[in-house]
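Chain nomenclature is as follows: A, B, C and D, assigned in order of appearance, with residue numbering initiated at 1 for each chain independently.
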C-alpha cells in the first residue's frame, strides 16, 4: 500500500471519524490503553491527555500503561480519568514514564503483554513513540491487537508524517542555545560548533541552523562537505569581517563533532577563528511544549482515540500537507528522508 | 482565478523559481524594494532578511523602504546589504519601521509613490503586511508595478495562506500568559477572562485556548454562545471541582470582554467563581520570533525575491497545505474564515 | 523594639538556629502548620517546600492548611510529607491555595481558627503572605499562638525585608513585557504606557523601568510629576530622534493610567508620539519562579521552620542587607517606603 | 587597606559620590574610557551603557575601547554617545567585544596601552571583567592611570562583592536546563550529571542545585565526598522511590565529571539508576540579561563613572550586604570563597 498519501487519498484524513461513520460502522470499543515508549520528548503529555479526553468523550474508558512496553509486561496499568490528566498539558516529559524494553522484543515478552491487555480488558492500544516503539506496535497489530501509533520523537525520522510531536519544542530549545552562543561567539570573535540531537536525521540541525542564522549546517543527508571545505568556510567568514561563525552539526553526521573540532583547531592559524564546541544534549528532550506541539499532539491524540473507536488498526496517525493522515505502521518505520532539497538549497543561500 | 490552491494546482508551488525557469523566462530584474506596512508583528525582520539575501544571491540590489507606504511617498529609501540585515534575525518588530498611511489611499499619494519607485530605479516591490497593506499592493500592481505580497500579521485573517508570519510567536506569547494566569487562578479558585488580539479573526483565541487548556474560547466565527451559557459553564466547572476556569476571548467577539465580565460578575453567587479580566494587548506583537516564524518568514521572503526575479506580480506568496503557494492579491484580501470546523469541534471536546 | 536590624543586631541572623542553640534552649515543638494567604505570587511553592523539608529534618511533622485563614477556620488541614512537596519547586502559584478571609477578621473566626490549631495539635504556624496576612499572624501571636511570618507578595511593600518573595519573578515578567512592547513601539514610532502591579508601592514599576530602559517611571512615592511634564518629556524624546517612548506606571500612582492616557492623547499633536496603553495585570503573579526567588524562598522558609523549632514567635523572617533577619510583625506591617533615593536619582539619569 | 568591608567601613558605600562631594573635591575629569576584558557574560552591555550615560551626565566624554586590552594596545578606540548605547540593554555579550591579551602582560604591551590612553586624552578607565582583567587594571593603576574595576564574570570568584555581574542570568540559564533535564530524567527513571561553569568556584553549581531541587551539588569548596558516597546516594534516592536523581557538578570539582560518570556507570547495577551526562557549556555565557543583572550592572556601572569623576582609582566597585562598596583591586583578585557554610548546610537539608 505504501504511504497512503498519494495513491489512496480516500484512505486519508479520517479526522473526527466518529462524526462521519454511520452507527453500524462503529465498533463500540469499551476500553482502550495508552502508553509512551522509547526516547521521551516534549508534547507526550498533551498527547496522552487528548487520547484520554477524546476516549472518554466517545464513551470509552482509558487505561494508562506505565513505562512503555516494560510496564505492559509488568502489568503497571491503571485507569486515567479527566482529573488524571488535569494540569499536565504544560509539563515536559511523560507522566506515564517511558522505557526501552528488551523483554518485549522476545516472543515471551510479547505473549505476556498480550495476556495483560486481555486481563485488563483493553481492546485497543495507542502507542506514542519513535521508530522502535512503532515497530513494537506493528508486532502487536500482527498478533491481532487493535493498535494505533502516534509519532512522538524529537528526531523527526518517521515516515507518514511531515513532523513529529516534540520537534517544534526541541527546535526552539536549540534556537535559544544558538542565540545565546552567538552572543558569546560575537563577543570573542570565535567560531562555535553546536551539536544537536536527531539520530540519523539532520532535520533539527538544519532547521536550527536556518532559524538561528548559523553559517553552516552539517547533516547526515548531505555529508559531502569535506573538513577542508568547512575550514575554508571559516576563513571566508572571517575575511568578510563577521565576528562569529556558528556551525550546527547533527549528531548523526560523520565524521562527527569531535573530529571536526580537532581538524579546525589544527587549522586555527589559517582560519582566523578559534573554535569551541557545545553538545546540547538532553535539554533538547525537556521543557514545556510549545503551542505548536501542544496543538499537534492534541489533534493527533484525539484522532488516535477516534480511529480506535472506529475499529482502525495497524496505522500511525500523522500530519501530512497540513492535514491529519493515516499511514500503515509498516511504511512508517522504513528509512525516510525528511530533508527537502529546496530547504537545503535555501539554507545554503541564507548561510552566506 | 481565485485562490489558486484548488482549481489550478499548476500555478502553485513555484518555489525556487529561479532554478526552474529557463534563461529566456527570466526577467533579469536589477533592483527591487521591500517595505513593511500596517500593524507589526514578530517575524518581519527574518522576512526582510530573506528578501535581501535571496535578492542579492540572484544578482539584484535590494532597497529598504522605511515606514511602509508613508516612507515610499516621502522617499525614505536606502540600499540594504548583507551587513544591513546581519543580527536582525532574532529581533522583534521591523527594523524598517512600519505605519498606516492615509496619504497612500489618495491618487496623489499613489502617484508620488510611483514616482519614487521610478526615481530609485526600483523595478519590483515586496510588500509585507496584512489586509490593508496588501490592498495597497494590489493598487500598485494595477498601475503596472511588479508587486509581490507577503502575509505579515499576527491576526491570521488573510486568504491564500494557512498561517501568516507572526502567528506562531504571538500564540506562544498568549500561551505563556495563559499558563501564568492559570497559576494565579488556581491559587485563588478564580475564573479569568483573557482577551487576545486578532481583529475579526478568532484564530489566536481558539488556538491559544486549545494549547493552554482553557475551559472556553469565545470567537467571532462562533458567537452563538449566550452570556447565560457562559455563566452556566462556569457553574458547571465549579461544581465538577476544578480550581480555576479560563475563558479566552478574541477581541472581535461580540458583545465583548467588558460586557462578559459585567454579566459574569453579576452572576457571581450562582457560579462559584469570582471573575477577573486581563487584556493581553501589544505584548502579542513583540518578542523574538519563534523557530517556526523565522523559518516560515525565511521561506516566504526568499520565495518573494525569486518570484519578482522571475517576473511574477500581483500575487501573495503564502503557505498552503505545507507548501509555498501563490494566490492573486485580489483573492487574498477578501474576507476569509481560518477556523476549521474540525478544530472547533475538537476544542469543544478538549475543553471539558 | 522596631526593626531589629540597627539597634539590636544580636537578635538578628538567627539562621540555622537549631545548630546554634544548646539543647536546653530548644522547645522541641512536635508539629507545625503552614499556610499561604492573601494575593498569590511566584515563589510560594518553594517556600512551603522549604518549611516542610526543614521541619521534617528537625523532627517535626508539618501540616498544610489550605486556602489560608479560611481553610484554617474550615479545618482543611492535612499532613505534608517530603513527597507532598516533590515537583512543586518550579510551579507558579501555591499548591495550598490562598484566599482573603473576611471571617478571620472577626473574633468568632479567630476563635475557630485557634480551636482548629488545637484540634490538629499544631503548636506553631508559618504564615506566608503580605500585609493583611501578617496582620492576621500578629493577631494569632497576641492570642498566644507561636507564629512566624514570611514575606510572600510581589508588591514589595513590607517592612523587615529588602525584598519579598515573588518580586524577582514578577520583575522579569514585567521586563519581558517591556522588551516586547518596545519592539512594537519602535516599529511604529509610538509611546506606550505600561501599568504594573504593586498596590501603593512603586518598586515594580521603578525597577521594571530601570531594567527595561524605559524613558520614565511614574510611582506613588514620587508623584510630583505633572501630566504636562510627562507630555513635555514625550516631546523631548521625540525631538531627540528616538523611535519609541516607554512610560512604566505603578498601579498606585495618581491620577492613574487612564487619566494619563487621556491627557497625552489630547496632546498628541504637540508630542509627536501617538500613545497606547497596556495593563499587564495578573500575568505578573504567575510563572515558574526565577532562581533568585526559589533561593530566597528556600532560605526564608527553612529559617522559619527553624525559628519555630527554637520557640520564636511574633516575628517575620526577612532579608536585610544580604542576610536573614527577624523583625517583629507589628513593625513589618507599618507603612514602609522601599524606594531608595539613590535608585530614584539613578533612574532619572538613566532615563535620558 | 585591604578589602574595606570589615576593617574600614568608613571607606565604603561611596554611592553617588558626585552628589556628596563638595565642588573642590571634584577632579573635573573630562574624558574616560571603558573596556570589557576576559571571558564574557550577560550584563556587560547594560554595564557599559551605565558608564556612558552617567559619564555623559557628569559632563565627561566616554571612549569605548574594543576587544579589551588588545584593543587598547591596537588603538581601537572611539567615542560612545547616548545613541551608541541605545538598544543594547537587553542584548547578551558585549558590543565592545572582549579578549584575553597576552601582549598586555608584557611591559612593552602596557607601555603601548599607556601611550594610547594618553594619545586619546583618556584620563580615567573603567575595566569590566574577572580576575585576570582586574589584575591588569591594578597594573595600570600602579603606573598612575586612574582605574576603576567592575566585576563582570559569571564565575562569582572575586573578592569585594557578594555577586558579580552575569551570575543571575547564568543561574537562570542553568535552572532552565536543570528543569528540562529533570523532565526527561523523570520520564526515564534516570540519574543525570549536569556540569556547570564557574572555574574554581562552586557558586553556580551549588545555587543551581538549590534552585533546581537537585539531589546533590559537587563543588570544589567541598570536595570531601567520595565517588562511593555519590553512588550510595543514588542508591538511596532510588530506594526511596524517586523517579530521577540530578547531580550538579561544578567544572572545578575534582576528580571531574568524566571520572564521576565512569564510576557511576560501573556501579549501575547497585544504584538502580542509569546515568547520563550533560555539559552545559557556553550557553551559560549568553542570553538577554535578567532584571537583576541589568539593575546590578546599571548601578555598578554608574557608580564607576562617578568614582572616576570623583578622582578615585585602584578600586573595584562591588555589591556587599545590599550596598555599593569599594574594595582595593589588590584585595579583589586574591583567592576568595563565595560559598557560605550556612547555604551549604541548607543545600544538604533540601537535597533530601
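The definition used in the following text is that contacts are C-beta pairs under 8 Å (C-beta built on N, C-alpha and C of every residue); 3 or more make two chains touch, one makes a residue touch a chain.
All of these numbers come straight from a predicted model, not from anything done at the bench.
Looking at the partners of chain C and chain D together, they share no chain. Taking the definition of touch as given, a chain qualifies here only if it contacts chain A and chain D alike; none does. With every chain reduced to the mean of its CA atoms, the largest distance from chain C is reached by A. Mean C-alpha position of chain B lies 38 Å from that of chain C. Distance from the chain B centre to the chain D centre is 41 Å, each centre being the mean of its Cα atoms.
Here the CA centre of chain A is 27 Å from the CA centre of chain B.
For chain A, residues touching at least two other chains, in rising order: 179. The touch graph of the protein chains shown is a ring with every node of degree two.
Across the complex, chain C meets chain D through its residues 15-16, 19, 50, 53-54, 57, 82, 86, 89-90, 162, 168, 171-172, 174-175, 179, 207-208, 210-213, 242, 288, 290-292, 294-295, 298-299, 302, 320-323, 342-343, 345-346, 349-350, 352.
Across the complex, chain B meets chain C through its residues 36, 40, 42, 44, 67, 91-94, 97-99, 173, 176-177, 179-189, 192, 243, 276-279, 281-283, 285-287.
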